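Consider the two complexes below, in which subunit A is the common component and subunit B and subunit C are the respective partners.
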Partner chain A sequence: MSLRSLSRAAYYAVMVVLAVPFVFPTLWMIGASFKSNQAIFAEPLGLLPSRVDWANYAQVFRDYPFAAQYLNSVYIAVIVTLATLLLGALAGYGFARLNFPGRDLMFIACLSAMMLPSEAVSIPQFALFKAAGLVNTHAPVILLQIFGGTGALAVFLLRQHFLTVPRELDEAALIDGLGRWGIFWHVMLPLARPALVAVGIFAFLNSWNDYFNPLIYLNSGERFTLPLGLQGFTDPLGGIFWNLTLAASTLATLPLLLAFLVAQRHFVESLTSSGLKG
Partner chain B sequence: MLKARTAAPPRVVKRRRGWESPWVGFAFVAPFMLGLTVLFLGPVLAVPVLSLLNWVLPDAPTWAGFSNYARLARDPEVLRSTWITALFVAGLVPLNIGLALGLALLLNVKARGVGLFRTLLFSPVVVPLVAWALVWRFVLQPDFGLVNNLLGRIGISGPNWLFEFPWALVAVIVSMVIEHVGLNMLIFLAALQGVPREVHEAAVIDGASRGQVFWKVTLPMISPTVFLTLVVTIIGALKAFAPIYVLTGGSDSASVLMVQMFKNGFKYFDFGYASGIAWVLFVVMLLLTVGQWQMRKRWVHYES
Partner chain C sequence: MRKARSLLILAALASGSALAQEKVTLRFTTWAGGDALKLLQSLAADYGKRNRNVTVEVESIPFGSYDQKITVQIAGGTPPDVGWVAERSVPGYIASRSLVNLRPTVASDASLVLNDYSPASLALWTRGDALYGLPFSFSPMLVYYNRDLFEKAGIPTPATLLRQNKWNYAAFEASASAIKKASPGAYGASLFRLDPQNWAGGILAAVYSNGGDVFGQDAASCALDSAGSVRAFELAQRMMRDGTAPRLGEQVTFASGRLGMYADQVSYSAQLKDVDFKWDVAPMPSGPSGRKTLLGQAGYAVFSASKHPREAQDFIKYLSSRAVMQRTAQFFPPPRRSLLNSSTFLKNPLISEASLRDAVLKQVGSARTLIVPTNWTQVNDVVVRNLERTLRPSANVGQELGRVCNEVDAVLKK
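Now for the complex of A and B:
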């Protein structure tokens, strides 16, 4: 064995060991989701179930409002993602290209919304939604995602992107008689596709993961979204049915994980080229 | 003839530009800015005002002056939470940035399978926060969890990872870093790949060791990226709530200021007092951000 292949073997050994804590929790979750509660406790180390048993998955849907919770998460994340993309691109283009009084001040306000923790603003927000009679509806969960830190990040990233597009493109289109809206819709948006993909991924993941707002606004099980729903598999004393929890967690994870694995090249490239790298 | 043709287009552009009213710009930013003003900027300004009220639901608010702040300064729970927040940020941020940089350096090589390792290390980022925290909660259970099970096999009786200080803090930090470090790792990897090869080669020819190349050449060149990542990671650490709350159930040993604010605001519905805690968080964050921008001038290298 030459020194070169020895150091190569050492490199792979190090990488494999490093990868274990990153990969093990997810694999364990999927494996244990097919076991009974007793089997999970009996052999906490085991990765593979002795047999594939779908009983946990069936029970999650049969005895709990999990299907409704799943649907809630999907429709909320889709609305949040589309609205974030549209409003973020509009504002990003406005800040990058157009002149109007107060522009810089408004942009600084956006930046500060990106930096401040939205959870720390929750008390006045709650008072507002309570006065509007919107507690225990999805409206605050949706609106606070669109008009919060993620939305501001979208505006910032898309503005940075539009700044890199040569101005001559706008001017040529103006001469061709396209209005501002036409330029935005037909010229700028198609050019911004990589940045839009990155922003869309962030908006979707942040909405899918949102825990704080559902926790304070939603109080009936069938209106919950997944992050709250996953914590609902308990007995009356608060003991957790781990088999059901892990089956539900697997269902909440798999679509995102599969989408990532299938499109990971695209995923990684758009994230790193989106200007996030500073 | 030729002269007239080249002169015409700029005049058209100029007229078009002058014609464009500021309302066009407003129209583009208004949908987002209106929502942001009502739902975020307004509430931000309301927080310090609310902190001057005595407002416990369902009672109506009354003026309290600075009494909430006097109570804050004497509240042992809040003082402990401040200390725990400081420890949490001081533990999480260096671990996250250091590990992200180390992993990016390890992945910045030409070898078969590097892409696969990149995918594996990034994959926890797409696992839902609560699912990840629940798995860790099982793995770290004191009696039957995997970690204490393994420790038991080598004769160590493991601590109660979810409730005991400082182990609960360690558990939260490690699980959060493993979940999120992939994002910073990718950002650093992209920055490292942007460092021109010739710069490295020149340094090596000049007799620099690998360590010297890293500290004196590579790190300064990616320092703008490191700085921005540092700012974002610190803010993320200060506002962390879900992973801590799901993993430890809000137990005292890991109750950071965010958890304290949540308890006072939405368990005891003491809105005035919780706003006081929120305002303390704002001020800490503002000071940290300003401090970092000051430091930036000293150690961030910009190419001119």
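Now for the complex of A and C:
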């Protein structure tokens, strides 16, 4: 064996060992989701269930509004992602290329939305949404993502990206007869693909994992999103049914895992080329 | 013209009667889960049928985030009308004037005889003459024990020892040790919950029965370093050192079948529906100061910011009525004495009547509620932070608890 392949083998061995702390909990969760409440703790470190039992999965859908909560999470995350991309790209382009009075001040104001912890502004925000009659609807949950920290991050990332594109490209397109909108749509957006993918991932994940806003704004179980719904598998006084919670968590994680496996190369590329490390 | 006038009168009449029957929607918050949540939803629907102008919406909030959500809602001007309040949060809500005094309503209602409530169940909710909530659960800590593990160890069960008048903490420790010897893969007993934040569960029964306490008079000083408290924590330390009890944070549940004895409330039995071992419940063991277990409590309260306090109080009266409490009794031991003896409570699908009598009925008389100061969260943080250090095999428990008390006293003075 050459020195080179030897060092390669060592490299992989170290990587595999380092991956264990990240992979093990996920595999454990999937394994435990097929076990009874008793079996999970009878053999805490066991990965494989003695037999594959779908009872937990069936009960999650039969006894709890889990299907509705799942749908809520999916549709909210999709809307948040698309809207964040659209607004982020438009605003980012505007901040990068257009000259208008107060531009830099507005950009700083936009950035400040990223710095504020959501807990600090929750009460005035709540009063605002209450006045608008939107409490216990999905509107605050969606709007606070698009126009909150996630949206501000998107504007910032895309602005930085557009700044790196040489102005000569705009000018060439202008000479070729494209208007502002044409330049944005046909020249800039295609160039921004890696940054758009990165923003899309962040927007989707932030919305999918959001616990605080749904907790504050949503009151009825059928309107909950997954992070809240996952806390509902309890006995009369709030003791947790781990078997149901783990089955539901597995279902909540799977789409993300699958999406990552399918588009892995894409994700990594976009993160490196947008200069953003997760 | 005449026609128009009569139409106007008709319209006025219609709107007048609509005013009398103004539609009210009450928001009722709870952290109940599973079957208990379903029962509350059906009770709310029943109430709506009896009172056509009132709709009750049941809102379930995860226990860990319950107070946070209620606080934001009160501050933001959309408070729930009625809700469950956990015992540890009661002093805080009363101090911030967030709860309605129910005394005038309750006193005027003959069906809600307060004499029927055991006095211990109302202490937490009473300030002077005011009464800020009505408890629905009056639930002593009891011992769940794994009969299979006792059988394997060939030792008498807590029920047998109880009949022989030998069910005390020495017997508890000896039984745990025997179970560990006979089943090395299991543990003998645990006085702690999985979550150290919840340390007060089992150990407090041992503290009380040993003559100790958490706080002195009026929760103004720390008493965790008193002789009785130290004895109880030393027991826990010994059992962890011997390996008869799981160490703090070790994930061993009673439902796994790997734990001989475990302290929790009746509602925990819902977790044991499908287990494949035999189990039963017994009262907590007795100590030098008798058998004094910890009483878990939760109650219904009306939030002061509610826009419909009258309807909200009427709903609480309905929930606390004999007929309804008889139905909630399947999950929560009722604080009304006339119901504790009732057939519904004693006919539990999972626990025999005799065991319930011993473990619940006979224990409540001497059981104690932990009444906490308003800044309980900070006090609890101090205790949790020091728990592991206090229970280390080599630790001097008395000294460690002395340090804890110094810190707690500083918090209490703030």
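Assorted remarks:
By our rule, the second predicted complex is superposed on the first by the 258 of 278 C-alpha atoms of A that agree within 3 Å, B and C clash if a C-alpha of one lies under 4 Å from a C-alpha of the other, contacts with A are read in each partner's own complex, and residues count from 1 in each chain.
We adopt the following convention: contacts are C-beta pairs under 8 Å (C-beta built on N, C-alpha and C of every residue); 3 or more make two chains touch, one makes a residue touch a chain.
Remember, it's a predicted structure, so these values are computed and weren't measured experimentally.
After alignment on the shared subunit A, the placement of subunit B and subunit C results in a clash. Residue contacts after overlaying the shared chain place A:38 against subunit C, while subunit B stays out of touching range. Touch criterion met: A:216 reaches subunit B and subunit C at once.
Of the two partner chains, neither subunit B nor subunit C is touched by A:166. Of the two partner chains placed around the shared chain by superposition, subunit B and subunit C are both touched by A:122. By the touch criterion defined above, A:133 reaches neither subunit B nor subunit C. Contact with neither subunit B nor subunit C is seen for A:190 once the two complexes are overlaid on the shared chain.
By the touch criterion defined above, A:231 reaches both subunit B and subunit C. Judged by the touch definition given at the top, the superposed model places A:151 against subunit B, while subunit C stays out of reach. Look at A:91: by the touch rule set out above, it reaches subunit B but stays clear of subunit C.
When the two complexes are superposed, the chain touching more residues of subunit A, out of subunit B and subunit C, is B.
Between subunit C and subunit B, the overlap after aligning on chain A sits in one stretch of 98-106, 206-214 or 242-250, namely 242-250. The interface of subunit A with subunit B overlaps its interface with subunit C at residues 40-41, 44, 122-123, 126-127, 215-216, 231. Of all the residues in subunit A, the ones that touch subunit C in their complex are 36-42, 44, 63, 122-123, 126-127, 130, 135, 215-216, 219-221, 228, 231-239, 241. Subunit C makes touch with subunit A in their complex at residues 27, 31-36, 57, 59-65, 68-69, 72-73, 75-78, 137, 251-253, 255-258, 264-265, 267-268, 270-271, 274-276, 296, 298, 331-332. Residues of subunit A that touch subunit B in their complex: 8, 11-12, 14-15, 18-19, 21-23, 25-26, 28-29, 40-41, 44-45, 87-88, 90-91, 93-95, 98-101, 103, 106, 109-110, 112-113, 115-128, 143-144, 146-148, 151-152, 155, 171, 174-175, 180, 184, 205, 208-209, 211-212, 215-216, 226-227, 230-231, 242, 245-246, 249-250, 252-253, 256-257, 259-261, 264, 268, 271-273, 276-278. Looking at the complex, you find that subunit B touches subunit A at residues 9, 12-13, 16, 20, 22-29, 31-33, 35-44, 46-47, 50, 103, 106, 109, 111, 113, 117-132, 134-136, 138-139, 144-146, 149-150, 178, 182-183, 186-187, 189-191, 194, 224-225, 227-229, 231, 235, 238-239, 241-242, 245-246, 258, 261-262, 265-266, 271, 274-275, 278, 281-282, 285, 289.
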